[in-house]
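Please find the structures below.
In what comes next, subunit A is part of two complexes: it sits with subunit B in the first one and with subunit C in the second one.
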Partner chain A sequence: MSTHVFKPDLPPPTLSVGVLGWLRANLFSNGFNTALTVLAVYLIWLMVPPVIQWAVLDANWSGTTREDCTADGACWVFIQNRLQQFMYGFYPLSQRWRVDLTVLAAVLGAVPIFVRAMPRRWIYAIGYLLVYPWLAFWLLHGGLGLQIVETSQWGGLMLTLVIAVVGIAGAMPLGILLALGRRSHMPAIRVICVTFIEFWRGVPLITVLFMSSVMLPLFLPEQISIDKLLRALIAVTLFEAAYIAEVVRGGLQAIPKGQYEAAGALGLGYWRMMGLVILPQALKLVIPGIVNTFIALFKDTSLVIIIGLFDLFNSIHQATVDPAWLGFATEGYVFAAAVYWIFCFGMSRYSMRLERRLHTGHKR
Partner chain B sequence: MTDNAKNHTLGDKLMIELQGVNKWYGEFHVLKDINLSVRQGERIVLCGPSGSGKSTTIRCINRLEEHQQGRIVVDDVELTSDLKHIEAIRREVGMVFQHFNLFPHLTVLQNCTLAPMWVRNMPKREAEEVAMHYLERVRIPEQAAKYPGQLSGGQQQRVAIARALCMKPKIMLFDEPTSALDPEMVKEVLDTMIQLAESGMTMLCVTHEMGFARTVADRVIFMDRGEIIEQAPPEEFFSNPKNERTKTFLGQILNH
Partner chain C sequence: MKLLKTTLASAIAVAAFGLSTQASAGTTLDTVTKKGFVQCGVSDGLPGFSYTDARGAYLGIDVDVCRAVAAAVFGDASKVRFTPLTAKERFTALQSGEVDILSRNTTWTSSRDAGMGLSFAGVTYYDGQGFLVNKKLGVKSAKELDGAAVCIQAGTTTELNLSDYFRANGMKYTPITYDKSDESAKALEAGRCDVLTSDQSQLYAQRIKLAVPDDYVVLPEVISKEPLGPVVRRGDDEWFAIVRWALFAQVNAEELGVTSANVEDLAKTSKNPDVRRLLGAEGEYGKDLRVPKDWAVKIIKQVGNYGEMFERNVGQGSELKIARGLNALWSKGGLQYAPPVR
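Now for the complex of A and B:
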């Protein structure tokens, strides 16, 4: 009997690994891709230096009025001068610490949720989600010893964040319930959910906001007046919930029947089956879709301009038409774009991290 | 394999009783007047060609499928559309599936502790002790912290058995537990099932492993086209099948 001698493992060819290998595989794999690479490099060379020239090298960084903007480049003095307004809107100067404190409380309060070593993390997270909204409302709106600040004075990035966070926090649970309802075996529940989803998906957000602000008061008796911001918040939440519902339903449909059967066979009832087995898997699958919706929501908050709320975008827009600063619209919109981009990119990066962390398939 | 697998006495208590059970999928009559009684500690193997209704039969016992006519009584509780009854029965009946159906987002240990903690309200520490006990019994305690996707098919199926056992069920149902496994992994799963049979568990197995049927079954049931054609102790069933259909079937699966 002869014994088979296995061949030893050899290193791969040098041109297929390392920097050279990466360049070859990604940029110069064939003639067409090489041409594209050269073209892209040319375009970058054409565009990037002038932008840097304008935004950094030739820019005006310090001063107090437009007269200080003497160089050829961007006038960031304008942004510096109006930054407070962009952040807080017309929130009273003396009370702005309350907004800062609200943000600080949100961040500090949320930190333990992301510390994986913390015991009873879930209970803490639920407690945080139940307590924080009341705290935030009290801090921002006032009452109980704090000066009342009407929502009409809220504005800037702070208002954008309020709409986005309330929209996300409200749309997520409502969307999940709608998705479950749409797949329910009970016809009445299914019909209600389908009708709700299809109604909200069928109308543009701008129409919904318009209706909430212009039409709704016509239908309500005169003595009842619902806060304008509250109406916008409800509109955004219901609108986005319909989108989230369809994204989540996509995830639910991807879960094999065997998972439902295994959970059922172990004696888990409907809510435990959904909460412990089905939804954790379904939501993980649709993280990209959910984050996509949230990013769209974040940017759509700028639509509240049409009902006269001064969110970040509207604040900047108003500043650009101020006679004292006419002619600096570009700087204003570039700044707006940068702020929106930072938040949206942040959400996108976090979702990628989350996906990697929750990936349990072949972690070796 | 051990010889003492067969040396046991059956309890007098009826654990499962099916009386005149009928079921249709649309127009298709899948189960035709099924009558079956299973005593405590009894081990039953169901076999038959595909589409014969054997899987459907055991899936009716824990209501993964709904029967339309007849009575099913499990551990003195009748299966009706009453959710309380269904959940009470599912707590006492463990099931192992052809495709394992482990929860991929949970570790092996979490797969095993989930139901005891959330259905039996067992404290976490106790549930983990129970889980480790059964993981040791299926001989994979060292895999407790891994995710199902990191295990081989045979290991996954043994975890699935441990997961079902953690609920301390009175009855175990096996739905073709080795059919999706690579050949070299079939034995480790069958050994686990034999060991379970030796502990006195009431078992219903849908399987084509006739060696397993010979070793542990008290009774082998042959089904075809939704009917029970023949049932007998394995010695008699294999050496002297009475029905023509059974002979053909055994000829097909044993002669190669």
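Now for the complex of A and C:
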């Protein structure tokens, strides 16, 4: 008795697997897609080689003055020459270690918060959030044995980070409170929160900054002047808090009523219900929205150029008007774009990681 | 209203950080002497007028005006702090007392002088709108620009001056307006327009941005008057006089041949009574201004005379290479003239 032996499977046609198959399925599946692909390749071919030629192949990398930029491409000498200023602004040379130390302290101090094995992480995190701002302020501004560095000397990437971090750290708690207040059953609180949110969402940030720097000094008596940076920080924080509030409210509305009732049935009061049951779920849901707001905030910090603060962007703009380096604005702005992109992309990647890690409750 | 203001003020005073108290009583000079430095409002970046070098030091002709005042008051030109101001906030900053002097390429006009509670202390730079053209066009005068495409750097009065000038001369033109100076320079280079118009001092800066600056030339015509100078708050004549005479001292010094190199020798050895009076060897002219006797020596030594200041920042000693033109001394065909010290 002979048994039937199946013939071995034929390999799939070469046109449907491997690189070719992928190309066929994704890029050339029909006439329209083929046309789009060809167009895209043509555009890339049109744009990318000249950019690489300009930015890398023909670029000038070493030297000290504009005379060293002899090749046709980008003059990165300009960036090198000014890099210190782009990073620290006018912060005194001998004191710049303090800025480095502030950043280092922020990073090292934050590490234990992300070590999941550490016991009582929450207590440490709260302590860090309470202590670090004072430490950073002391290091950057001085006093108590350190030379005082006026905020007018702060600048560059350091100032951008100060505005962004203070804005984020201040807007987050304020925004959550506003979101809760807007959903409160107490009319007075609700009205106050709604008014606040709608007011700050209704005006452009540039107007707020402008008012704070041009109008506010006129209203105040002559002997009182509020630090320019402080004005900007308050403006940015209040402005972003209104946006965060609306993002968080979106999360709160997504939580089923049953969750509130269940928490109430367990005998939890308002703050414990919010803190232990509702907010952890709501915030997790709106991570993309919150990060979106923060990325927008980070980029919005460049608006302080209109009130004469020398953040990263304004420092670069400032360098382009030095007669010794006139005409290298393109290099400056490309550099600015690269730095902003690195930070924003970093934030976006971190938020994706956070989402994956916290993606528990609604995973099916 | 007053109560509201006081309440607001005290409420804000509670927040300790960031508040600095400026002495409300007394004159600007007393305030400045007490705090130990001159607070000077400058531009947020204008080639040759105020900009920062790689070390973060402020440079430029507007910057030097403030340094000269500091030299007169303190005998030390470095006792000055700079506040970069945008065009829109500059007057508020001066009016609210945030700065003591506004030295920010500000044009002296009747509305600003009479209508805003400000006083212009003098003219550091006689500017005016001009034209930058490619040499290939073979144009020698703005009168030959009939039918030209003109790149305009958007400004409040640039367009108006241009249309007035062309209408007055019966010529036609096509305006192409740009927001940023970098864009208009690129447009001129690419041949989008035949001529670029802006304030003359800026045209020289624009020219550096071009690939081959020597192919372009600034035409001799100036079609508007833009006298730029330092501004102070009105009503403080003492401070006004110091700022005004700090500038006059520099102009006088150039006229008398006093430079930063020879000023200290001349103060001791000069026989010329004008020089002796200027440098404090004779008379008590510093006392009238409430500044030290050797105030002019300190200015010239540390900042230079007007000519030195001009050449270093915008003239032959700088990248801009602007000719003296209207800013030459009156004795050399320009407009810079200072009353004598006596």
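We take it that the second predicted complex is superposed on the first by the 328 of 364 C-alpha atoms of A that agree within 3 Å, B and C clash if a C-alpha of one lies under 4 Å from a C-alpha of the other, contacts with A are read in each partner's own complex, and residues count from 1 in each chain.
FYI, a residue touches a chain if its C-beta (ideal position, glycine included) is under 8 Å from a C-beta of that chain, and two chains touch if they have at least 3 such contacts.
As the structure is a prediction and not an experimental result, all values here were calculated from the model.
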{"item": "Fit or clash between subunit C and subunit B when superposed on subunit A", "value": "fit"}
{"item": "Touched partner set for A:T70, first subunit B, second subunit C, both or neither", "value": "neither"}
{"item": "Partner chain(s) touched by A:T3 [first = subunit B, second = subunit C, both, neither]", "value": "neither"}
{"item": "Subunit B versus subunit C as contact partner of A:L268, first or second or both or neither", "value": "first"}
{"item": "Touching partner for A:Q259 - first (subunit B), second (subunit C), both, neither", "value": "first"}
{"item": "Chain touching more of subunit A, residue-wise (subunit B, subunit C)", "value": "C"}
{"item": "Subunit C, subunit A and subunit B - angle at the middle CA centre, rounded to the nearest 10 degrees", "value": "150"}
{"item": "Partner chain(s) touched by A:S225 [first = subunit B, second = subunit C, both, neither]", "value": "second"}
{"item": "Overlay on chain A, subunit C to subunit B nearest C-alpha distance, Å", "value": "36"}
{"item": "Contact residues common to both interfaces of subunit A (with subunit B and with subunit C)", "value": "none"}
{"item": "Footprint of subunit C on subunit A - complex, ascending", "value": "81-82, 84-85, 89-90, 93, 137, 150-152, 210, 213-215, 217-227, 229-230, 305-308, 310, 314, 317-324, 326-327, 329-330"}
{"item": "Interfacial residue positions of subunit C with respect to subunit A in the complex", "value": "5, 8-9, 12-13, 17-24, 44-48, 51-56, 81, 83-86, 88-89, 92-93, 95-98, 182, 185, 205, 208-210, 318-320"}
{"item": "For the subunit A and subunit B complex, residues of the former touching the latter", "value": "256, 258-259, 261-269, 272, 276-277, 280-281, 284, 358, 360-364"}
{"item": "Subunit A contact footprint on subunit B (complex, rising order)", "value": "62-64, 83, 87, 90-91, 93-95, 97, 99, 101-105, 114-115, 118-119, 147, 149-150, 160, 163-164, 167"}
